[in-house]
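Okay, so here's the structure we're looking at.
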Amino acid sequence: MQKSLKTEFLGITITSPLVLPAGVMGMAFSGFNISIENGAGIVTSKSLTLKSRTGHKGPVVAEFEGGFLNCMGLCNPGIVDGLAEIDQFKERSDIPVIVSVFATNTKDFLELTKYVNKSQADFLELNLSCPNVFDEFGIPLAASQDEVHKIIKAVKQVSTLPVIAKLSPNVYDIVSIAKTAESAGADALCMINTVGPGMLIDTKMVNPVLFNKFGGLSGPCVKPIALKLIYQTYSAVNIPIIGMGGVTYGEDAIEMLMAGAIVIGVGTAVHYRGIEVFNKINNEILEFMDENGYKSLKDIPRLEKLEM
Amino acid sequence: MQKSLKTEFLGITITSPLVLPAGVMGMAFSGFNISIENGAGIVTSKSLTLKSRTGHKGPVVAEFEGGFLNCMGLCNPGIVDGLAEIDQFKERSDIPVIVSVFATNTKDFLELTKYVNKSQADFLELNLSCPNVFDEFGIPLAASQDEVHKIIKAVKQVSTLPVIAKLSPNVYDIVSIAKTAESAGADALCMINTVGPGMLIDTKMVNPVLFNKFGGLSGPCVKPIALKLIYQTYSAVNIPIIGMGGVTYGEDAIEMLMAGAIVIGVGTAVHYRGIEVFNKINNEILEFMDENGYKSLKDIPRLEKLEM
Amino acid sequence: MDKRITLKIAKIEDEAKDIKTFTFKHKLDAKPGQFIMLTDFEGGEKPFSISDCTKEEFSITVKRIGEFTSRLFQKCVGDYVSIRGAYGSSFFISKNKVLLVGGGYAVPTFYFFAKVLLEAGADITLINGARTKAEHIFADRFNELDIKAINATDDGSFGEKGTAVDVAERILANQLVSKLQPNKLVSKPQLGDTKHFQAGAWKRENKKKFDFVYASGPEMMMKTLQPLLKGVDYEFLFERYMKCAIGICGNCTMDPLGIRLCVEGPVLPKKLMEQLTEFGKYHRDAAGKRVKY
Amino acid sequence: MDKRITLKIAKIEDEAKDIKTFTFKHKLDAKPGQFIMLTDFEGGEKPFSISDCTKEEFSITVKRIGEFTSRLFQKCVGDYVSIRGAYGSSFFISKNKVLLVGGGYAVPTFYFFAKVLLEAGADITLINGARTKAEHIFADRFNELDIKAINATDDGSFGEKGTAVDVAERILANQLVSKLQPNKLVSKPQLGDTKHFQAGAWKRENKKKFDFVYASGPEMMMKTLQPLLKGVDYEFLFERYMKCAIGICGNCTMDPLGIRLCVEGPVLPKKLMEQLTEFGKYHRDAAGKRVKY
């Protein structure tokens, strides 16, 4: 029998469980094109803000053993131009699109939501957790249960699309925040955003490598942290989870599913394994299913939920 | 001129700035022997508890790209036997010893302190931050400013040795906790303990790899997180910092110094580069000093402090 | 791991008023057409093509344009900068008769390339164009190589009169420029001064067609060149705003293919060029906003 | 990276009442004397020596002792377990005349070792000791190898009477056991039954001394053996409580050298053995507490 990677996410059928996450290849409609041609099942826009942002000055990325730091600083063409790219993508594709938006207060989130309502997007993702704009905006919203509740509740009242809350791993108790998001009406969770943040130093020039000094960690080394937080959250909530953080091989994607994710983001691995990474991982998942006698993604078992 | 790695830590002169951190090779006096023969300048005992503990069942370690998870579970022979190992080590060596102790309340910390007072140890380190005994003991003490303050204040009144507070990176605001520790009288800070914790899953057996499910991250990939937290803390406090987390090469140690550490722990790298890692790093630091014209560790510049 | 390396500037040469070559003593593992990302940690990390690369050292040739390059121009020999790379795709190494069409600060990458092509046994004709004599660079360097170098300036103040594309058009129409006399050295070379060359004279004797055309220069130059290249294979070296240079941020993707100029580029082959709808029409700025040419 | 691998048990063989051999179809990169860490994820991960290792498969031979090994004994062919390794030091491969002294469940590692020694051209004498016939293992396997295998039991119920050390003492005193007749197969072998062998007979003809002695067995066995080994080189395979097996936790360090049995061991050379003060005196338990022998 033909194995299939078909699955459902919030009522929409997708052909691969792999998601292009926010901020990766999501600037131009053509970035979506190449991702889906290479096997992504859902694509996410760069987090869009009301006004365009050029982001932080470089260096904005720095490599270390096991991953990358980045501090892009939410560079994006602004919600209007950003949505134009999505509409252009949607002219020729049925692949679902998540529009990620970023703001620092409910009012701006609501304004963004109204723009997104009028676009061809399929889902609205609230980036509550960018770790790289601390200087500018202070503590991420995802660190405060009150803020998370207030924003999601307000956005849900206005949004015509399902709402996904993107959570930060850099909080003391992600489970409470996830529960808050759920109770405020979030339709799904996306986790994790980048970890830390961290810093690297150029020892010859005695300078932080990143101009922004600090940047969030992504890549293989954050996988254990992502798996743990996804598993804890999966044990505590009933809404679906987009799991991400360090997924590089099919095996990692399977771990995400077993930890409780329903679909899986693949970001930094686009660097490690090329844009073909989606097809590669799809094939590796199929091989794993073959070897272990699973016929569909639903057959892949999950860990027993944690007792809370 | 002869370059030297000599430095001072809390008034004691040490021949190398490299510290064997708590939990690494620190079970038996012979573990200290081999570490100092290979170039460590200070050694730390495994965190000792009042009663002996066999720790968690295996697997207790799991490797991933960029580091290790561990959930030893504070296995140790108990304070009495543990201090006997230290006294045996001290019979033949002048190298300073840090005794790490772990407890869950002030009373036990005080009792441990009294034992340590009677030993040959040079410093007392309070492990406020083990991430691997959550099930048993709940939220690490280092996550609560009140607890940190109370314990350190009490211990300082009793301890005849300088007191070092070991901090957890897994808190939302480490700087406030560091400041609290300083104001409560801590003589130095040791940071960071393991990160996360994280989880890995065996996809064939659908099981967490660690029997304890979760384990703290150490190794190269935690370095950016350690550097950032050390740098922030260094910018905010005036007591010396033992910096650790992922130091594997001389270059990493230099980064720690530039971020504000005064001495540097080398733990997981003992696996990657053998027990000779201390000598190797010592030599790499000397080479770096040579190349850049520094004559002593004090010449190595630090980053400008962050504005707070 | 594309490890970052921090290097002292070993040599700085003035090429023209606002163009300098910076040389570093470091064995860079690079192919012609590739670029490095360079920073001084004072704000900004920018892509620069490699203009020379030997076993001991490599160079970049930089035009002062804005904040970053102005700061770079103030650096001295011995100052540190930090680089990572080399990144990106490289030129196809042809063994046959090739034409290199270059303009402005994008010409020097052909110096590194020409040396590699010569080793492969190629028969090289180079058009080295600039707006005016004062901005014309690398003529003397190219002159030392066993290639036919044709200098051109828009205003005719040095070499042929006309743009590099004008010259290319003429050459391609005739396809007979394989035995051009090299430029002649008429006085002692001085930095930034190219007066001492007399443009080479033509010898119309070889009718062999070009097998491959390479272009590096302003996008509109390449846009004008492209229609002339029917029936001949080619590669163009492009520029797009780059941030990560490792193929994740998506800032440098080109429509509608979504190829990333920092990974699949900066050198793009004919086959891809023909499909790019944004070529010569618009590019994206640091915010990802489209900017029309 | 010592990647963990999860494998199906491919074969289970009963060796004696409480001893089984588990075989896995996996090409393990291991040397004789090394060990793996094995877990079933149900609590506990334990070290086991490799008793056989070919290009297609490897085996471990396990004695049921406590909770973990009891659970392992309930597993069936096809069940998964997860392993990592091989870890640790390995035996020196001598090309000369060697004596292997083994006792109990620690003997099988010599099966893997003997095969490697034979390939190197060594002349091997093995003493395979156990307390009693019912606990004696691997006699038939060793019999298939071109070595002199001397079986011994403390109570004389199978092979020579006496401990492995008793036999070693006799042999070493005479140093003449290089031409022992192999054991004779007198009936069809059956699992767990070694009756069908007749102990080989001695032939006192070769006086060449042993170049190397290897021992693997209970610590007190090796402690008794050591004084007999004056003037001859040797290596012992040790056991200490292991947790990480990657040389960081320090649970397996041996006093006063601080060598880690999981990295510098489990095979220790004479030079180190002579300096170990804890050898035969105490070891450390799971909490790191000293336990006297």
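Labels for the chains are A, B, C and D, by order of writing; each one numbers its residues from 1.
By definition in this document, a contact is a pair of C-beta atoms (placed from the backbone, for glycine too) under 8 Å apart; a residue touches a chain by one contact, two chains touch by 3 or more.
Nothing here was measured: the structure is a model prediction, and the numbers come from that model.
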Shared interface partners, meaning chains that touch subunit A and subunit B: none
Most remote chain, CA-based centroid, reference being subunit A: D
Where subunit A and subunit D are represented by their mean Cα positions, the distance between them in whole Å: 52
Intercentroid distance (Cα basis), subunit C paired with subunit A, Å: 38
Contacts with two or more other chains, residues of subunit B listed in rising order: 65, 204, 207-208
Arrangement of touching chains [line / ring / star / complete / other]: line
Which chain pairs touch, all of them: A-B, A-C, B-D
Residues of subunit C that touch subunit A when the two form their complex: 1-4, 6, 37, 39, 41, 43-46, 80, 82, 243-251, 253-260, 263, 284-290
Subunit A - residues contacting subunit B, complex: 64-67, 69, 143, 170-172, 195-201, 203-204, 206-208, 213-215, 217, 219-221, 223-228, 231, 248, 251, 254-255, 258-259, 288, 292, 301-303, 306
Partner subunit C, residues of subunit A touching it in the complex: 23-35, 37, 46, 52-55, 57-63, 65, 68, 70, 72, 75-78, 81-82, 202, 204-205, 207-209, 211, 267-268, 270-271, 274-275
